[in-house]
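Have a look at these structures, which come just after this line.
Two complexes are shown next, each including subunit A; its partner changes from subunit B in the first to subunit C in the second.
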Partner chain A sequence: MKNSLSVLAKKYPILLILLTCIIYFGLSSPVFLTVQNLTNIILQVSIIGIMAVGMTLILINANIDLSVGSILALSAALAMGLQSFGLVFAIAACLGVGTLIGAINGFLVSKAKINSFIVTLGAMMGVRGLVYIYTEERPIVGTERALVDFGSSFIGPIPTIAIIYILIIVLGELVLRYTTHGRNAIAVGGNYDAAKNAGINVDRHVFINFAFIGFTAALAGLLLVSRTNSATAFLGTNYELMVISAVVLGGTKLTGGYGSMLNTFGGVLVIGMIQNGMNLLNVHAYYSMLIMGLILIMVVFIDTRFKSGPQDYC
Partner chain B sequence: MKRSKLTLLFIGLIIALFLISGCGSQEQEAVVDEAPAETDEAPAEPVAGDTVLIGITQNNVGIDSYQTTYDRAFREEVEKRDDVEAIILDAAGDVMGQVNQIEDLMAQNVDVIIIWPVDGTAVVPGVERAYEEGFPVVITNSPIAEDGFDYIAGFSGPNNVSQGQSAAEMMAEILEGEGKIVEIMGLPGYVTAHERSDGFQDEIVNYPGIELMETQPGDWNREKSQQVMENFLLKYDEIDGVYAADDNMAVGAINAIKEAGRMDAIRVTSACMFGDGYDAMQRGELHGTNEQSPFSDAINALEMAIDIARGKEVDFWNYFDTPKVTPEEVDNFERPVF
Partner chain C sequence: MLKKLNKERIKYMIMQQGLILAFIILIVFISFSTDRFFTTDNIILIFRQVAIIGIIAIGMTYVLISGNIDLSVGSLVSLTAVVVVDLHDKIGPGPAIIVGLLIGVAVGALNGVFVGFLKMNPLIVTLGGLTALQGLTLIYTGGTYSVVADPDSTWYAFLGRGFVFGIPVPVIIFLGLALLFGILLTRTVYGRYVFAIGGNWKSSRFTGIRDNLIVFSVFVLCSVMASTAGIVLGSRLMAAQNYVGMGYELRVIAAVVLGGTSLMGGAGSIPKTVIGALILGFIANGLIMLGYPYYVQWVVTWVIIIGAVWLDVLSKKKMMWSWP
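Up next, the complex of A and B:
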């Protein structure tokens, strides 16, 4: 005898947490469930969320990418610093360099067979070094008003940045469900050798996913500076941890072979709601970090306990 | 079986959330009562006597003692007063986090938003948004970029120009209007560095007997300032006075002077008292500085915000007092915690 809540909760454990957040914050703050605040939340999570789309594919492959925060910072600095050559050039360089660094990561993981944790740990430090060199530790300010106007624009009642985020989730979900590349992702993560024997070009597949997450990090950086018009060397510090937490909250396993963009969206929303809700309730930032840490562990526990039996650790 | 466990977990989660966040927020209930349900309208004009709701997003509490003390002072002052409630947030050094917090404060319809900018430029679009939505903004401690001035109600913080000026006055007094001096300024490009230097130079020209021979940047850094001072000492046989733009750099300069054995001949003044400067002054190595108290900084910002919420006219530049500290009076001051 199963009711629909428990079926749903088993299929999407993040729903349980999401519901808890909505009920708790909705009861505690009269502002939380207003349309304006909910739109704010989507806008606030879009930077992390866009990178989480790329990270979902990486984790499904049973890889990891720690360099997204640094790539975001470098792309953001280029998008600001190269505006003297024209906005189009600056944006192209921003997205291009991000994708290139992702591609280099992908090459080292797939062709040179170096563990992705090590490759991207190196990239995280190395690229951050480049950011310091390029910015000389001083903020770089944008000169093109058009970028900031774009960052603060709305389409109807919804911020443009939030719409871009939603579009990328939909795109990611479609790729994952309906394309060969998406189905291969799950096969590669589920069983690398079997996927290879089945004739999937595994190296090319992994390479493409790393290039894609580099692109999402650069896009996130671009959208971030479109809201602040200034890039500093510390931008995006620890963002990789937030992104990985969001994806894991969504039920994607570090061991690969499973994951969905909608679940990742749920994970991203939970992180955003906790930060937003704690701000509304006047709780110190340290407590929201503590709560997020506890929830992360709890979700993985629920996932392993109720879904696949206790032997299958994430 | 599994279903009931799930339900239990669900309830457990909610209780855990209530418990954890409950101990973190002291003013939670009060604030919730205060926040009006409708959020689309601009904040209502508060009447004198009503409780006002102030929101603040700080730069990075916990990164240094000055900011930690500011946070404590702000909370204590809010606690003390019956006419104000506050939502006190900390951006933890994250530019994006600060922009998000400005939005969250707007969603709660606070009467005034106080911002300690993480980045004086990056915060401008957020401030502009608040302005468009009809929220008055007070910038505290460090000014924002000039293109944001149109969108703020004013600035509360130390007057760096007058700090530089009083360092010049103290220098002139100690040297009795006669002598050759050098200046070590803060990091070029930072508003505070230029203001403290301008304040000093504009005042020192009033004393024709004093000659400012050279100005070099010490970048707010003690080691750098020590090197700069070593070079000065090699270059000039006669130096009567050194002005450093804060105590940290002054201590660097003092180290160089002591190594060169010229402490007896050289007088040092500075512009912002640190704990190390306090000690140096008690040892007789530093001869003038001024006190910039995080308590005054926090209370000044809060009072300015309350005045704005009550519809009072305020000056755009709202400085708090940074009194001169001399070796004779140093015992009347508390040793700074930073």
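Up next, the complex of A and C:
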């Protein structure tokens, strides 16, 4: 029994971290382990979590996407601002533009062979500029009740948004494990040239992954404003930080070639719990920011120290 | 022996000196678009704004050449500015500036240890640093801003607002540092080492270069430059908001990349970085002159960075195939 526990801990270190969080916050605050609060956590992490599914694929490819926060903001602004043309059009525009920007990033990385870091760094700034231009620095409030009703709806005891998130995780994990595209992701990230020589269409693969993360960012933005019914110019600022933290915390290597959606889910939960827990413990927002930054550094430290991810079960 | 001036040579020359050509075309274009552009006052304004970005860009050039990146400079500018401006009235301008520089040394040392010695990923480490430092800034000010009570009675104002022979002091500081570190980069063994570890890290280790010390030093340099910029910025504004440095890291990287420094490491130059910073400064100013709000610059900078890096990638591919 003890043997299998330590094997489990080694294989999925995120479980240990998750358990520690639950125990710590559960003991520190009487409210933490209530159904109400746990539902709250899942709801809050759904936004970051949906983007984390896309980011997992990107990181497995040994790429990175810093523009997700800005794409989220642009999509959200469009979803709010275009409602006068009909809700369906607004949603289509929201998801479409997000995917399009992702596709542009994907093109630049795969075909123009530009480093994904600089492509998405530029996009992070440029798309944010587009958001400011479109919103003219004023918040956009939505007019369609249907969207707001959807955002606050439940299926049984669980919020619909959380259900969507769970579905996307399951979908993502299935794709990663059982489809060609998913298996190729690990190959491309592990050894780009070998994957190319093995016949994998690496360019198309990378392109698809970037388009997909653009889509997830847009979806996250849509679901976010379905709850708040308001899109501001600075929405989603620093979200990329939390998404990357969650994915790396969950065990996906920054150098690529290894990762899993379930692990990412664990990372997302931990980040969500820490934010929620700090809130419950009345930690001031400024300290929260400092702590999130330090967590990211610590996460990278662990990532660098324990490089032996996939070797344990070849 | 004279080389033939055929199409190949011309294309090669354009690709090598494309930056300067683009700069000249840009100036000509903008000065025709609006007549408020080419006034002495405006040019001085541009140079003074460019100086802040430029000071940081000097340090960032070193970091990029060594094959690393530093995203925390923007938040460091904010932190230094609020601390120095705040301490100015409490312990005097001189000690406040020293504290500011020490903050730069400390942050740079931390980054240097993480990336240089512990071999952590510089992108994520400095990304975390960006957030952590911003949090520290907010904690220090408690959410309000720092301000100097009597801007006219202190010599600190000279740093950001003074003139020497008609040239703004920030520009003198910028060009002076550019000269100093440009020479350091190209004419000393240390500079050679920086290029070496950026160009081929493993080989440089095998030749005995102490890569961890070199990387440590470039991060310290970059952070000290950022702190210096924060000090000058604080002097010019005589006040500091919490987010005063936000976004600087992108503009600095844009300037350095535009100047031809490769993100892969191993190549770059301070003079070209200066030109890159100037180009971005002129574009930003030109856009404002043409009436566009400040955030339009971001979109334009995005396009420019992509264009510049794309050209860089293309030219490298061509170079590889043109070797005999």
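Assorted remarks:
Assume the second predicted complex is superposed on the first by the 284 of 314 C-alpha atoms of A that agree within 3 Å, B and C clash if a C-alpha of one lies under 4 Å from a C-alpha of the other, contacts with A are read in each partner's own complex, and residues count from 1 in each chain.
Here is the rule we go by: a contact is a pair of C-beta atoms (placed from the backbone, for glycine too) under 8 Å apart; a residue touches a chain by one contact, two chains touch by 3 or more.
Owing to the predicted nature of the structure, the values given are computational and were not obtained by experimental measurement.
When both complexes are overlaid on chain A, the residue A:N282 reaches subunit B alone and has no touch with subunit C. When subunit A is checked against subunit B and against subunit C, the one touching more of its residues turns out to be B.
In the overlay built on the shared chain, the residue A:L290 is in contact with subunit B and with subunit C.
Looking at the shared chain after the overlay, A:N229 reaches subunit B, while subunit C stays out of its contact range. In the superposition on chain A, A:T20 contacts subunit B only, with no contact to subunit C. Touch criterion met: A:I47 reaches subunit B, while subunit C stays clear of it. Once chain A of one complex is fitted onto chain A of the other, the partner contacts of A:T34 are limited to subunit B, with no touch recorded for subunit C. Of the two partner chains, subunit B is the only one that A:P139 touches; subunit C does not reach it. Under the contact criterion defined above, the residues of subunit A that touch both subunit B in one complex and subunit C in the other are 284-287, 290-291, 294.
Chain contact summary for the complex, subunit B toward subunit A: residues 2-3, 5-7, 9-10, 13-14, 16-18, 20-21, 23-25, 27-28, 31-32, 35-37, 39-40, 86-90, 92-97, 99-101, 103-105, 107-109, 119, 121-126, 128-129, 145, 189. Touching subunit C in their complex are the following residues of subunit A: 64, 108, 112-115, 117-119, 121-130, 132-133, 238, 241, 244, 248, 254, 284-297, 299-301, 303-304.
On the subunit C side of its complex with subunit A, the touching residues are 69, 114, 118-121, 123-125, 127-136, 138-139, 143, 247, 250, 253-254, 257, 263-264, 293, 295-299, 301-303, 305-306, 309-310, 313. Interface residues of subunit A, counted against subunit B in their complex, comprise 1-3, 5-6, 9-10, 16-17, 19-21, 23-24, 28-31, 34, 36-37, 40, 43-44, 47, 138-139, 141, 148, 151-152, 224, 227-230, 232, 234-235, 237, 275-276, 278-287, 290-291, 294, 298, 302, 306.
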